[in-house]
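Data block below; observations after.
Every chain is named by a letter (A, B and C) in the order it is written, and numbering of its residues begins at 1.
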Amino acid sequence: MFFTAIDYWIFLEKAILILAVVSISLVIAMYATWAERKVAAVMQDRRGPNRAGPFGLFQPLADGVKLFMKEEIIPNVSAKFLFVMAPALAMITALMTSAVIPWGSSVHLFGRDISLQIADINIGILYIFGVISLGVYGIMIGGWASNNKFSLLAAIRGASQMISYELAMGLSLIAVLMMTGSLRLSVIVAQQSEGFFNWNIIYQPLGFLIFFICALAECNRTPFDLPEAENELNFGYHQEYSSMKLGFYLFAEYINMFISGVVMATLFFGGYDIPFVNEAAWGNHWWVALLGCGMLMTKALFFVFLFMWIRWTIPRFRYDQLMNVGWKKLIPLALINMVITAAVMLFFSK
Amino acid sequence: MLTDFLLLMKQELLLVAIIFILVFIKLGSKERSNESLLNAINILLLINLIAGIFNSQTGTLFGDMFNTNQLFIFEKNILNFGVLIISLQSYDWLKKHKHLIEFYLLLLSALLGMFLMLSSNNLLMFYLALELSTIPIAALCNFDLEKRKSSEAAFKMIISSAFSSGLLLLGISFFYGTTGTLNFAEIPATLNGNALQIFSFVLLIAGFGFKISAVPFHLWTADVYEGSPISVTSFLSVISKGAVVFVLVSVLYKVFEPLSEYWYTILFLLSLLTMIIGNLFALRQQNMKRFLAFSSIAQVGFILIGISGQSLEGTASVVFFILIYILSNLAAFGVINLVSSKCDKESIGDYKGFYKSNPQLTWVLTIALFSLAGIPPTAGFFGKFFLLMAGAAKNNYLLITVAALNMVIALYYYLRVIKAMFMDANENPIEKIKIPFQPKLAMIICVAGIIILGIYSNCYQYIFSLIK
Amino acid sequence: MGVTAILFWILSSLALLSAIMIVVSKNPVHSVLWLILVFFAISGHYLLLNAQFLAIVNIIVYAGAIMVLFLYVLMLIDLKKIVDPQRSLWIKLVGVATGCCLLLVLIAALSKADQTTALTQTIGGNIGLVENLGKILFSEYLVPFEISSILFLSAMVGAVVIGKK
């Protein structure tokens, strides 16, 4: 009885969507590695990868093949199961975040309204936080299971860094949530789509700045890349990893970057909203949704570029500086931002 | 509305205000000497005590979450008074301590938790307040920062209190499952004595038992009392125990009245065990703090007899006894605190020949121990007398006989200490101790209280009138 | 059996299994990882009860932060040096016996529990949604909510003092 009441098409629809989102994330992550090298090359006045294919465009494929072909080494004294599980965990948590992001407005196809969001849950933002907070396990377990001092140190650094910056991140978001009044990401985007001046960045510049810095830290990007600080810890938490398990770690980092770019675009920059244009007037066509989706990608990729730009510009923090910035600067700032937002809202709501 | 709020929650708000003042003093960059800080804090506590006494109102707040009546106000005043005494006694120890403000911050938050616990009218709020009154104390236990024993005490305290509040919480959740309400006013009507309710009630009692260290739940007491700084030990044994006993009385009498036949049996067994085991273990203690720990366990047994009386006299005698217990135990701890902070001696053997070098302190300790033992004309006698009278109302003469026998055993070990101080010779006695003003004041108040309450006992009538 | 019931049994058995594994595991790090699994199972139960907020907060706070700190501490300790104290057989037996007694009493008590009076009033089963929970928390349960803030302040002060020595 119960099972017949289910609309089975929804499974197919969601399965296709999940597949699409995952593969797009993976492709973007792949090319992000290429872009990273190109950006680095530009910054350092070099040419960057240019052998494999035009402009070195096949370089990521070559890298992938290389990683696959490498010998698989599992250290003898490691906790084997955990050692294998850790990179998978890193990858899963990186990909899971994308489930609640509205990739575009809904599409009308085959007589059905298909939403371009895998799961429109009413605690979307909290879900993202939940997954981010789990992301640290990939690093911690990997670092511990390797049974290597450098890895362990890196894992512990990574854990404390991520926990510290999650706090400021959450606090900076509370101000946004007060304005939107909803934790549902689709609602947050819909509120912003009414026009450029509804974007949250206009009302929450400080909140965005804090969020951006914390996102850098959560992705372990320079200047917060202490868990993999090469010159102190050799190679950080993934020192003992080789072959595709290493590849997973590296990939997960780029996927994290991309997803955090998407989250920032969704929360602060109107999501799939095209600025200065009233796309709702164009009607409910599939190409409008696609255009919106492209817009979201553009915004997200801009943030990915920003991440790279920062990486090749700013040196790494020292550990104590990192903690000071997190606990003594960002958290108070985020609290102040929250209080001011609340006060202003209370004042104007009268 | 606002004046209601301010007046009804006066005692809690005052404490919060003091806590905030302390936080701001700590955050301020100005360096202040410990002496001036201590004096300022003692004055604040005095203001707190006095302000708590006058112009109190009764009523409920926040949709029945918080209620207060004359008895609660009186009980809170007793606790306030006890904390002031402890603060005065700790002067000597805190003078050298580098985390003075944090000490008071934690102490007062624990006290705030006790006040809220007394006034709570909802199991959820009661649970939170109980946690607020224990977690800061666990940190306080570690305030002898160099001593390993102190850390051990803190650790044992936090583990055992976490365990007991786990039991309590399990009990509360079962309770919510069977009654469907957490509100004290609505619970009695839903109690029908089914098996799950009784089981959860036993869990609740176990939670209470841990906090007042009644016997099967007493195992943490001696170690925590021994390892903690003496000021914290006295707080634990007097204030924290007193507060939980106050709550236990009101909760049992009001909320769990329909289950009284069950809890009478529980209290009966608990008090028998508590008295006997507390006393037997107290007999063989060599460390002064452990000795007082077990003696205080034994005292809880007597308190439970009073509670089991289930009458107005029961409430009045318990409150009266706690007041006396605060005075006597704090007088004893005051002396031990001084000796420990000046000469770092804590074993009973060290107290041999104490009378020769420090006659005043010896007399204070003697009077305190007499009162604890319940020897007339000290107040302790009347405290125990009223407790037993209240308990006798149930005609359970076995309990009363055992209690009387236990008083005799208790007399023996209290006298042992007194004998050591007055008669035994010691080659290496405690040297003459110069008593600073604040502890001296505290001791004078305590001794005066013990004697006055022993001779002039209108106080009991006053408490009795509050309940009606 | 509906989907909810199937999920309930799966989650319950997962929770119980992981809970047993916590106790049985020789390596404390494995115990912590099993504990994380327990939290996930419990979050699943919250979801079945339509308490999404609680579910996700359980994951963020317990699985995501507290357990990380547990791991953090365990990883810094040299686990090889800590030898599991060998208890005598008697103590083990007594422990098993008391545990079984408790279980027996619990089952007996639960089996007699009156289910009809046990249903409590919630806002149409939607109390766990963020909006409803927030409203209840800031109206009916305002005082306990504020008390918890003082509790956290004092716990923080205590931890800092102990940590700083």
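What to note about this one:
The rule is short, and it goes like this: a contact is a pair of C-beta atoms (placed from the backbone, for glycine too) under 8 Å apart; a residue touches a chain by one contact, two chains touch by 3 or more.
Just so we're clear, the structure is a prediction, and the values are computed from it rather than from any experiment.
The central chain here, found by comparing per-chain C-alpha centres with the mean of all protein C-alpha atoms, is C.
No other two chains have as many C-beta pairs in contact as B-C. Spacing of chain A relative to chain C, judged by their CA centroids, is 29 angstrom.
Centre-to-centre, using mean CA coordinates, chain A is 54 Å away from chain B. In terms of their C-alpha centroids, the spacing between chain B and chain C amounts to 31 Å. Every residue of chain B that touches chain C in the complex is listed here, in rising order: 16, 19, 61-63, 65-66, 99, 102, 105-106, 109-110, 112-113, 116, 122, 124-125, 128-129, 131-132, 135-136, 138-140, 142-143, 145, 151, 154, 176-181, 190, 192, 194-196, 198-199.
Those residues of chain C whose C-beta lies close enough to touch chain B in the complex are 105-106, 108-110, 112-114, 117-121, 140-144, 147-148, 150-151, 153-155, 157-162, 165. Of all residues in chain A, those touching chain C in their complex are 2, 79, 82, 121-123, 126-127, 129-130, 132-134, 136-137, 140-141, 144, 152, 155-156, 159-160, 162-163, 166, 183.
Partner chain A is touched in their complex by these residues of chain C: 2-3, 27, 29, 33, 36, 52-53, 56-57, 59-60, 63-65, 68-69, 71-72, 75-76, 129-130.
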